[in-house]
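Lettered A, B, C, D, E and F in written order, each chain numbered from 1.
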Amino acid sequence: MKIPLPPWLLLDDLLKNWLLEDIGRGDRATQGLFNDLTPEGKGQWIAKAEGIVAGLPIAGRVFYHLNPQTQFTPLIVEGEKCENGQAIARIEGKMDSLLMGERVALNIAMHLSGIATSTRLYVDAIGDLPTHFVDTRKTIPGLRILEKYATEVGGGQNHRMGLDDTVMIKDNHIQAAGGITEAVTRIREVIPYPLTIEVETGNMEEVKTAIEQDINIIMLDNMSIAEMTEAVKMIRVSGKNLKIEASGNITLESIRKIAETGVDYISSSAPVTRSKWLDISMKLKNN
Amino acid sequence: MKIPLPPWLLLDDLLKNWLLEDIGRGDRATQGLFNDLTPEGKGQWIAKAEGIVAGLPIAGRVFYHLNPQTQFTPLIVEGEKCENGQAIARIEGKMDSLLMGERVALNIAMHLSGIATSTRLYVDAIGDLPTHFVDTRKTIPGLRILEKYATEVGGGQNHRMGLDDTVMIKDNHIQAAGGITEAVTRIREVIPYPLTIEVETGNMEEVKTAIEQDINIIMLDNMSIAEMTEAVKMIRVSGKNLKIEASGNITLESIRKIAETGVDYISSSAPVTRSKWLDISMKLKNN
Amino acid sequence: MKIPLPPWLLLDDLLKNWLLEDIGRGDRATQGLFNDLTPEGKGQWIAKAEGIVAGLPIAGRVFYHLNPQTQFTPLIVEGEKCENGQAIARIEGKMDSLLMGERVALNIAMHLSGIATSTRLYVDAIGDLPTHFVDTRKTIPGLRILEKYATEVGGGQNHRMGLDDTVMIKDNHIQAAGGITEAVTRIREVIPYPLTIEVETGNMEEVKTAIEQDINIIMLDNMSIAEMTEAVKMIRVSGKNLKIEASGNITLESIRKIAETGVDYISSSAPVTRSKWLDISMKLKNN
Amino acid sequence: MKIPLPPWLLLDDLLKNWLLEDIGRGDRATQGLFNDLTPEGKGQWIAKAEGIVAGLPIAGRVFYHLNPQTQFTPLIVEGEKCENGQAIARIEGKMDSLLMGERVALNIAMHLSGIATSTRLYVDAIGDLPTHFVDTRKTIPGLRILEKYATEVGGGQNHRMGLDDTVMIKDNHIQAAGGITEAVTRIREVIPYPLTIEVETGNMEEVKTAIEQDINIIMLDNMSIAEMTEAVKMIRVSGKNLKIEASGNITLESIRKIAETGVDYISSSAPVTRSKWLDISMKLKNN
Amino acid sequence: MKIPLPPWLLLDDLLKNWLLEDIGRGDRATQGLFNDLTPEGKGQWIAKAEGIVAGLPIAGRVFYHLNPQTQFTPLIVEGEKCENGQAIARIEGKMDSLLMGERVALNIAMHLSGIATSTRLYVDAIGDLPTHFVDTRKTIPGLRILEKYATEVGGGQNHRMGLDDTVMIKDNHIQAAGGITEAVTRIREVIPYPLTIEVETGNMEEVKTAIEQDINIIMLDNMSIAEMTEAVKMIRVSGKNLKIEASGNITLESIRKIAETGVDYISSSAPVTRSKWLDISMKLKNN
Amino acid sequence: MKIPLPPWLLLDDLLKNWLLEDIGRGDRATQGLFNDLTPEGKGQWIAKAEGIVAGLPIAGRVFYHLNPQTQFTPLIVEGEKCENGQAIARIEGKMDSLLMGERVALNIAMHLSGIATSTRLYVDAIGDLPTHFVDTRKTIPGLRILEKYATEVGGGQNHRMGLDDTVMIKDNHIQAAGGITEAVTRIREVIPYPLTIEVETGNMEEVKTAIEQDINIIMLDNMSIAEMTEAVKMIRVSGKNLKIEASGNITLESIRKIAETGVDYISSSAPVTRSKWLDISMKLKNN
C-alpha cells in the first residue's frame, strides 16, 4: 500500500521556512566558495542503520525550493526497510543547492524515518491480529501532518489530525458539562453532522454510560487487561455500532496482550515521543 | 545561571501557527461545550518522571495567545530537576483556553524537557573537566532556536545557530575549492569580518594544513582517541589561538575519554536525535 | 441554543486583511480630518429590514483591530429576528476608528445576516419534521468558517467543513477507482480511522451497492421524490447504521416534500448562493 | 472591450489561501484514491443557466496552483452571455488536481458570474443614455478587486477601490469638521494632489455649498427625482467642472428615471448584495 | 498643520519585520546580560545636527513592539526644527527593550528626518509662491508610505502613492497605444471613474494634444524655462481645468525659476535620492 | 572578486512586497492599455552618471516576479565603474511587465549603486594600506542584506549582519553589568561558542581593561589620532590575538590618517547615510 503525500501546496511554505531557519542571512561557506560559478555535483544518501525509510519525497522538495533543477531520486520506496550502508537516494545538481539544503533535508528524513521505524515495531507486534495501531496528537509542534504521514508509512493508521475533525470528550469536558450525557448532547448539537464523537472512559461505570449515548467510539483509558476484556464484551453485546480504542502506556511488551482483548484500535505516541532518528548521511562529489 | 529566552517577537508567530495546526477550523468539543459562558478553571502540570524541566515559559506563552488573561505560573526554575509526581506549574483561567492550548503547550514542554534531560547526562559526565558539551545543526525543522535553548537549559553550550553566523568548512567545500587553503582564502574574503571559521579535519595531514590557515576552530571529526590526543598536541604547540572541537558518534560511554584528550568542545546531536520526551500531564478542575 | 464562535486566533489575520483591503494606503478622508486629535463618537447599528442577525461579534472584532478601546455592544442575540428600524448594536469610541471600520464591519454582518435569514426560511419549512437542514461547500472563497457559522445561527447544521474532515465519494472518484467498492476500500485504508465516509448515489443500483460498503452516509443526489422514498426504505431495512442525505435543487417549495421521504438531512447551498444581504446602517454622532 | 485582469502577483496568495481553506489537512478522498499514480482526466465546465460569464481566468489560475500542467481553456470570452447547457471551458490534467480544485474554482466563477449577470441588467436598462452604472465599496471582505472586476465584465464601471484612492466626504465627516467647507479644506491640504474629492449631499442647501468647494464630484444621496433634476441643473449652471453621481436604493425599476435626470453616474451595490450565483458544473471523465 | 500618520494596522507588520531583521536569532549581548532580571532604564534622544524632525511616533511604535510598557515621548512636534544637541525625545522602560530596539528606531527616524530636512529647503525656496513642491515614486522599496509621510512633514505635498491611485501616461504608453488620444481613450474606459489622468509631455506639440484630451494634469518634463512659460500660457488660455506639473532635474538652484513660470506643482525625488540622514543618538542610563 | 548574492529564497518575498507596494490594486495605465494583448518590448538601462554599479541581478529578479519570461541581461559586472550614458543592462519581454516593474527595479538598483559608488571612494582612499573599510548596522530598515551586499560590491567588507552573529558590548551594556569584566563574563557564558565579542572603548583605561578579557575585537570609538596610535600600540604589545576597529565620524578627509594608525578595520555608515542614488534610466521601445 502506497501512502498518499499531502499536496505540496500544504507544505511548501513550511519547507521554505525550514530552509530560512537554517540559512538565516546566507550560507557563508557555500556562497563564499561558489558564487555564481557553482559547479555541478552529485551524490548519494546512505543509510547508516537498518530501519524503515520515510520522508524522501519531502527531502527532495526541500532541494527543489533552492533550485528546481536539482534531481533527487529515491532509490527505495517509502515504507521499505533499508540496511545499514544502503544507498537510499541519488542526488544531482548545482553544488551550492546541494550543500545548502543538505542539513534540512536530512533532518526531516532522519526524523520521519525514525518514527516509521519505531511504528513498524508496534505494528508488527500485532500484525496477525485484527487490531490496528494508531497515533495521537502528541506530535512536535509544526510537524503534525508529516509525523502522521510517517506513522502511516510505518504501517500504522492515523487517529484524528486535530481538534476539528473528530470530537474527543475527555474527563474535563465531562466534568464541566456535568456528565457524559450532557456533554455529548451539547456538543452533538453544534458540530458538522458527519463528525464522529469519541468518549474517554476509565471504568465500567463510564463505559456503560457511554454506550447509551449518540457516539461512535469508546476509548478505554489506562485500564487493566481484565477491565478492557470486560469493557469490550459489554460494548459488543450492546449491539451498538461502536469502535473501541485502548490507550495509555502502550509498550512493545504490553501491546499484544492489549490487542488480544479484542479492541479495534490501540493508540500510542511512543513512535513520536520515544523514537530516535534513523541515521542517514549524504556523500557528495563534484562532477 | 539563568538561560535567556529569545524575545517573544521571534516566537509569537511560530506559537500561533502551532495552535492553528492543532485547532484547525475549531476545537469542536470545547467550543461546543462552553460557548461564551465558559467557566473559570484551574489546575496543575505534573511531571510523570524525573528529569530536567525546560520550556515552561514557552508553554505559558502558548496559553497567552488563546487568552491573555490565562495565568500560567512555573513552580520550578528552568533547568532544575523535577521528581516523578512533582507539580511543576500552576494554571488558571477560562476553561476553553486551558483545554484548547493543553496539547500544544504540553507537546513543546515535554519535547524540550526531554532534550534538557538528555543533555544534562552528557554534561554531567564531563562536569569536572574543562571541556564543554555543545549541540549541532541536527534539529527538528522549525524548532532550531528552542531546541538550542533546551540544550543550554540542560547545561550544554550552543554551537552555531545556522549557516550564517559561523563558517564551517567541510570536506565537500575543500574538495570543491581544490584544497583547504583555497577554501579558507576565498571564503574569508567575502564574509563579515568578525565571523569565525571552523575547519573539519579527519586526519593529521588535514590538521596540519588547517593550523596554517587564518581560521579559529579545528574540528576533529570521527578520530580515534589516539589521533585526537596527537592532534590536540599538534595544535597546542603551534601557538596559534585555536579552539578544538571533537565530533562524531559521541555517546555517554565515550564522552569522558574524548574530553580527556584535552579538546575544548565536544559536539553531539544525541540529546536531540536520541532522547525521549519527558512525560508531563495537566490536571484540571472547574472552579 | 447559542452557536459557538471560532476562536479569534483563527480569524484575526483574516479580519486585519479585510481592513487592509479597504484602507489601502490610508483612509484619506478620516486621517485628513481627525489627525491625532480625533474626537470620541458614538452611534448605533440600525436594521433596515426584517431578518435574522448574524455576525455582530465579528463586526465588533473588526473595530477592535483598529482600536482596542472601541466598545461595540450587540443589542440582539445572534440568531434572533430583528425588525426594520430596530437598533441592533451600540458603538462608542474614537471617531477615526468608527469611520475607518464601518464599511468592513457592515459588509460582513450584512452578508452573514443575509445567509442566516435565508437559512431560517428553509429550517422553518421543515421545523416540525425530524429532518435537518445542512449546508454545503459552496461558499465564498475565504469565508468558509464564517458562512458556516451563519448557517448555524440561522438554525441549520453544518455539513463537512472541507475536504479533510469527512470523505465524500462522488461519481468521478467511483469512475476512477472502477467502482464503489474499490473506491471505498482504497480510501478507508489510508484515512484517519474516526473519519466518516459518504457516498453519492444517483439511482437504486448505486444505493444498493453503497449499502454494502464500510461507509456512514448515503447521499441521494437529484432523485425524484418517488426514488428517494424507495431508497430510504431500502436503506432502513438493511439494518445498517446509515445516515441519509438528500441533495440537489432544493427550494423552499420542494424542501418539505423531500423531508417527508424520511431522509435525515437535506443539504442546500441556497442560503449562500441565492440570498441577499440584510440591510444594516450605522448612525454616528460626535460626542 | 476587454476588461484587464489584475496581475497574478496581486492574486496568487489569495488563491492559494482559498485552496488551503478547502483542502485543510488534505483531500482525503482524492489523495486516498490516486496517490502518486493519478491518471489524466479531462472535462468541461457547463453553464446551467443563462448569464454573463466572469472569472474563468481566475478559475484557471486556481487549478494552476495545484498543478502548473493543468490546462484550463475558456470557451467563451469574459463578459459574453452563455446559454443554459453551454460548454464554457475545457479542462485537462491530472485527476487529483482537477478534483481538488473543482469546488474552489467553481465557487469563485459562479459568484463573479452572478455579479456580472446582475450588473448587465442594470447597465442595459440605461444603455442608450450617457449615464454610467458604477459599483460601491459594499463588497464581500477579501474579494474587493475581483468583485469590481466582475462589475466591469458586466459592463459597469468602478467607483473608488478603497479609502485611499478617492476621498468621499460623508455627513459624519462634515459634522465632525463643522461644515463642508472646513472638511474639504482640511482634507485637501494633506492628500496626494491628484486625488479627487467627492462630497455627499442630501438636499439643495448642501449641493449649493458643495459647488463652491475645491472638489470634483457631487453625490446626490437618496434624493427624489425632482430634487435630483434640480440639483443637476444647479450644478451644471455653476460652470464648475463637476461630475454628478446619484446613489441610494437603485433598482431595475428606478434606474432609468434617475439616469434621465442627467446625472453622470449611478452607483449601486445591488449586483453584489442582491444577486445570485450563476450555476455552473464541471463534468469530468478519466482518460 | 499636523500631518496624519497612517493607521498602525498598516505599519505594524513592517515594523516587526524590521526588528526581526536586526535581531535575527536573538540579541546576544542584551539577552546575555539581562536575562529576565532586566532593570528599568531611561534616556533621551539627542539631535546631533540641525534639521527637521520626522518619524518619532514611528520610532516609538518600534519600541512598543518589543515591550508595550516602554514609554517613548517625543519632545518636539513632527516637522519642527531641532538644534544640534537638542533633546527630541524621552524614553523609559526595560533596558533590554531599549537596547534591542535602539538601532532600528534610530535608523528610521534619522532617515525620515533627513528627507524632511531636505524637503523643507525646497519648500522654503518657493514658500512665497503659489507653486507646490511634490514628491515622486522614487522611494526606497518598502518605505513608500513613510517616505511620503516625511515629505509632508517637511512641508511638501504628495504626488500619487502608487500605480493605482492616479494614472500617469508616459511616452512608452503613448508609443504603445499609437498616440496620446488612443492611450487616454483606452485607459479612461477601464479605470475607476474618480481617478485622475496625468499626461507627460516633452514639447509644445505634445502639450497641445494633451490639452484636448479628457485628462486632469499635464506634466512638463525636462523643458527649458522658456518652453515651460509658453506651455503654461497655452494651457491656461485653453480654459480647460488642468493642473500643471513641472518635473526633471529640479535643484535648489533651479526650483524658484521654475516656479515663476506659473506651474502649479514641481515634483522632485531629490529629498529621497540625494539627502543624508539627520544624525540622532540615544543616551541611556540605568535607573 | 565576485561578490556572492544571497539565495533568492531569502529575497523573493521581499521583492514581491516591493512590487505590491507600488502596484497597489493594479497598474491602471499599463493594464488599461495592454490588457492581454500586450506586445513585446525591449530596451536598455542607461547610466546617467559615472559610478559603481550594484544591484542589477536584483533588478532582474524584480522583473522575473512579474513575468518569468522577461530577459534582463546586465552589460556590466557588479562592482565595475560605468560612465555617464553607458548602457548597463538590456531588457526584453512583455511590455506590461517591463512598465510595471520599471520603477521598483530602478529604485533598488539606483540606491544600491549609490552605496557602492560612495563605498568605493572610501576604499580607494586607503587602498594601499592594510586597513579594511567596513560597514555598520545603520541601514534602511528592510534592506540590511542588500545594502551590505552593496558595501561589498563597492569594495568594502561587512561588519556583523545583526544582533545575533557577533556580540558588540557598548557602554550601556558595561554600565548595566557593572564593568567590562562582568559584562564579558556573563555574555560569554550563554552565547554560541564560535561567536566573537567586540568591546567598545573610548579611552586608554577602557582599552587596557578590554585587553584582559576573553574577547576578540576592540573598537576605538571616537578617539583622536594620537589616542588611536597609542591604543593600537598597547593592544599589539599585549600579544593577545585581537583585532582593532576604529569608528566614529569617518570622512573621506580623515580616513587615511586613521588607517595610518595601524587599526585593522575602519567602520563607517557614510555610504548608506550620506550617499546619493546613482542615476539610471530605462529606455524602452515596442517591438
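By definition in this document, a contact is a pair of C-beta atoms (placed from the backbone, for glycine too) under 8 Å apart; a residue touches a chain by one contact, two chains touch by 3 or more.
Note that the structure is predicted; figures quoted are calculated from it, not measured.
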**Q.** Maximum centroid distance from chain A, chain identifier (CA atoms)
**A.** E
(Q) For the interfaces C-D and C-F, which has the higher count of C-beta pairs in contact? (A) C-D
**Q.** Shared interface numbering between chain E and chain B [over half = same, under half = different]
**A.** different
Q: Quote the value, from 0 to 180 degrees and to the nearest 5, of the angle by which the CA atoms of chain B must be rotated to coincide with those of chain C.
A: 120
Q. Which of these pairs, A-C, B-C or A-D, matches B-F in more than half of the residue pairs in contact?
A. A-C
Q. Just how far, in Å, is the C-alpha centre of chain F from the one of chain E?
A. 23
Q | Centre-of-Cα separation between chain E and chain D, whole angstrom | A | 32
Q.
Measuring centre to centre with CA averages, how many angstrom lie between chain C and chain E?
A. 45
**Q.** Distance from chain D to chain B - Cα centre to Cα centre, in angstrom
**A.** 52
Q) Among the residues of chain C, which ones contact at least 2 other chains? A) 3-4, 23-27, 31-32, 34, 100, 144, 161-162, 164-166, 189-191, 195
Q: Quick one: which bits of chain A touch chain C in the complex? Just the residue numbers, please.
A: 1, 3-4, 132, 134, 152, 157-161, 164-166, 189-196, 198, 216-217, 241, 243, 265
**Q.** chain E-facing residues of chain C, complex
**A.** 16, 19-20, 23, 25-27, 31-32, 34-37, 65-66, 96, 100
Q.
Considering only the defined contacts, which chain C positions touch chain F in the complex?
A. 24-25
**Q.** Contacting residues of chain F [partner chain A, same complex]
**A.** 2-7, 9-10, 144-145, 161-162, 165
Q: Can you check the complex and tell me which residues of chain F touch chain E?
A: 14, 17-18, 21-34, 39, 41, 95, 99-100, 103-104, 106-108, 110-111, 114, 137-144, 161-170, 172-173, 175-177, 183, 186-191, 195, 273-274, 276-277, 284-286
